[in-house]
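Quick one: structure below, then a few questions.
So that you can tell them apart, the chains are marked A, B, C and D in the order they are listed, and the count of residues begins at 1 in each.
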Amino acid sequence: MDSIEVETVAEADLQEPVLIEGLPGVGHVGKLAAEHLIEEFNSKLITRVYAEEFPPQVSVDESGVTELAHASFYAVEADASDLLVLTGDHQAQSHAGHYQLTDTFLDIASSAGADSIYALGGVPTGELVEEPDVLGAVTGEAQTEGLIDAGVEFRDGEPAGGIVGVSGLLLGLGGRQGYSAACLMGETSGYLVDPTSAQVVLEVLESVLGFEVEYESLEERAEEMKEVVEKLQQMQGQQQGLPADDDLRYIG
Amino acid sequence: MDSIEVETVAEADLQEPVLIEGLPGVGHVGKLAAEHLIEEFNSKLITRVYAEEFPPQVSVDESGVTELAHASFYAVEADASDLLVLTGDHQAQSHAGHYQLTDTFLDIASSAGADSIYALGGVPTGELVEEPDVLGAVTGEAQTEGLIDAGVEFRDGEPAGGIVGVSGLLLGLGGRQGYSAACLMGETSGYLVDPTSAQVVLEVLESVLGFEVEYESLEERAEEMKEVVEKLQQMQGQQQGLPADDDLRYIG
Amino acid sequence: MDSIEVETVAEADLQEPVLIEGLPGVGHVGKLAAEHLIEEFNSKLITRVYAEEFPPQVSVDESGVTELAHASFYAVEADASDLLVLTGDHQAQSHAGHYQLTDTFLDIASSAGADSIYALGGVPTGELVEEPDVLGAVTGEAQTEGLIDAGVEFRDGEPAGGIVGVSGLLLGLGGRQGYSAACLMGETSGYLVDPTSAQVVLEVLESVLGFEVEYESLEERAEEMKEVVEKLQQMQGQQQGLPADDDLRYIG
Amino acid sequence: MDSIEVETVAEADLQEPVLIEGLPGVGHVGKLAAEHLIEEFNSKLITRVYAEEFPPQVSVDESGVTELAHASFYAVEADASDLLVLTGDHQAQSHAGHYQLTDTFLDIASSAGADSIYALGGVPTGELVEEPDVLGAVTGEAQTEGLIDAGVEFRDGEPAGGIVGVSGLLLGLGGRQGYSAACLMGETSGYLVDPTSAQVVLEVLESVLGFEVEYESLEERAEEMKEVVEKLQQMQGQQQGLPADDDLRYIG
């Protein structure tokens, strides 16, 4: 196997698609959002990317059949917009691996005709957030106006640690290659998988790209997470005499 | 030395051999099983694989003579079946190293004429298991029927974290190269070297490949482990007033 | 992207410039000093260096615009001296990455006509220092006399652990390439960002290179840090009944 | 710089020299022994080896002059025997780096005409040892007889974890290249720099290679270490009411 291997699963005829990235990260916000688009719209798996920098691991499906660690590109018809959605279960092991994988992802996006990118993710707040905002970052200042109109906030000095991983590099490397790229980050505690944060990120995307999507399944998962949180708070209340929002272990 | 170096120790004339892999892992189940096949049947060391990704280490034998870290392939005559058994003491250091070593292992298997693979290992349960089951995972759904007949269980969502290391990649990379590969995982506590789990894995293999093997030596080691466990429980019982199965340190 | 990529931002016509390096390190002494030179004198960004060994990360500026992790070279007119000032937010991930980046930095310095180097940094003392000294290390013994005249101390066996990172390698690799290189290390607690230590390092540089610089902004930051320290000591005093200089967390 | 760079400092005309390796390791036994040979006999630095796998670090000598991390080969005239002594302050960062460095060391030894190797080191016992034994390991069983005559012990299953680092690979890789190599390991607590253990290792080498060396300086260092140990035991005795040999931090 090459250090990175691109497998074409199906041909796709996309019209000026927008690359949407949602790989694992804070609160799994980006991944939940990307998977929701794939589930709600007509979508087709078109490309798998295998890499020696991914964990040496197979997943096992419900029939007992294994699949080698990879990232996937889906062609998604979101009303008037064609989307190229990138998701998966892994990030690279080393710094250099992140750069090399993102270069490959950008090559695939370029071949599909994409020239704009939305990297989706979460930004940790350290406490449970009832009504999360969406923070933004862009490769060119001109992009901010449209995003502010769609409700995105740009706050000086946030996110404090910059943006890391593939999301960060899609802007960092993509911007240098001429892509117009933005990162949309839903506020989230950082302790729990957060479907609500994924929903507010998608609502921005709806407004910006002009599609409409149902949220029933995300809302159901959000309800389930709420119940999990309540149970955890009760358990902690019984143990310690008081609830402790900010002390939950990372679960989901 | 090249980054991976294959040393041919002896020629082997194997008839459509089956690759059996048992490298170190949970409970050393796979390694114990593979070594048991080598000891019980007529077997011959045919290939050593050295790699810069293995620890920079020599082992010292009972005469004081050193041997550089490596993995070994043995030609094993298991009744009607020819086996190509892969075992050793090490896994690779990096993600990329795991992929590259597994690629080399598959090349060697291919040169020997193998087209099917059984990767042997353990699956951790977190508690002592008296009568371990064998979990399975396969590269193609058609393989499951024969394995279910041999007593293998396929459980939705297990093993939870997928299969990692060379065992996982023999299915992940092997499957993509056209091998018919299965992983057989004996349940085991995860805290102790587990000869009983190795035995139940081998019993599946006996049924599937049609050979018969003695288990006396594994049963003796299992008895020894039982005594170790009992002593540990007594010691813990004296210290803490109660036995604690699930708190044993990893020993063997 | 190549593993290291040098981007020329502007041409600079420097006369026998001196390379001044201030990358992140103990007390951020070197970085504060380098940035102070860039702010106080007429300066121009001339080169950015991107590297796969830097974190896969973008920073976000006050307009929400991202910038890929990089190191920067500035042309700085410090009175009679031309300076080539190297600064940034990152060091390499691996040992080899440090060597490769420093090689690139030396190539850039060589192209700009530099043949002498001052690497700026801090040396940790473990306790708050009111009046920090500046320790020195050089590539050739002949350099020590001029530095001692400028107030630099050379102490047998210090710094105990040698000098690590790009600063160390600018002397180690630079010296082997014929550069005359010195490292100037301001004493600092090691727990706090230390503008006072940066100032004493710059005062040595003023004396050695014959320029004059204002310190108002560094002195203001030093005052702010003093207030932070006092608050922390009060908080600890209230909690524990006594002040504890040497137990401060790393902040700044 | 290349990933490994060999710098010839001086020519040496050695007659069938024996390679003696003493790099940092358990109790610094090997390094102390190698340095003792260099100090006691007529010796000349002939080769430095720089490597990107060494720490990105310079040491600072008593004049304030820096030296880039490296390993050194010395030509040493030990009575009738010519020795090629390898020592230094560092080991490689990665597994692959250990293999590549050892390959380079063997090339240098080969160019100098060496065909036998003694790798010197310590084997940890976990407690203070008054009269340490020397354990051995060899590349060929025929070598054991002479070593046993010189007082070396070969114990089944020891050292338990094999031999790691450059010492291990000099046997592992050297043996495969046709060198006759042995590892001599002085027993040592593992908590302290141990000049006594270095001395017993050298006494074996004296007997095997037929040279005679003074031990005054090592004995003095051993006395100093004894005093350090006694002070530590007193301090612990005062704190805890009893001395605790086996609980000393690693110092030297």
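Remarks
To be clear about the criterion, a residue touches a chain if its C-beta (ideal position, glycine included) is under 8 Å from a C-beta of that chain, and two chains touch if they have at least 3 such contacts.
Values in this document were obtained by computation on a predicted structure and should not be read as measured data.
For the copy pair subunit B and subunit D, the superposing rotation over Cα atoms measures out at 90 degrees to the nearest 5.
Farthest from subunit D in terms of Cα centroid separation is A.
Both subunit A and subunit C derive from one sequence, and where they touch, under half of the residue numbers involved are common to the two copies. For the pair subunit A and subunit C, the distance between C-alpha centroids works out to 37 Å.
Centroids built from CA atoms put subunit C at 52 Å from subunit B. Shared interface positions of subunit D, defined as residues touching 2 or more other chains, are absent. Chain pairs recorded as touching, per the definition above, are A-B, A-C, B-D, C-D. On subunit D, the positions that touch subunit B within their shared complex are 92, 94-96, 98-100, 102-103, 136-141, 144, 154, 156-159, 161-166, 168-169, 171-173, 175-176, 183.
Those residues of subunit D lying in contact with subunit C across their complex are 1, 3, 52-60, 62-69, 93, 97.
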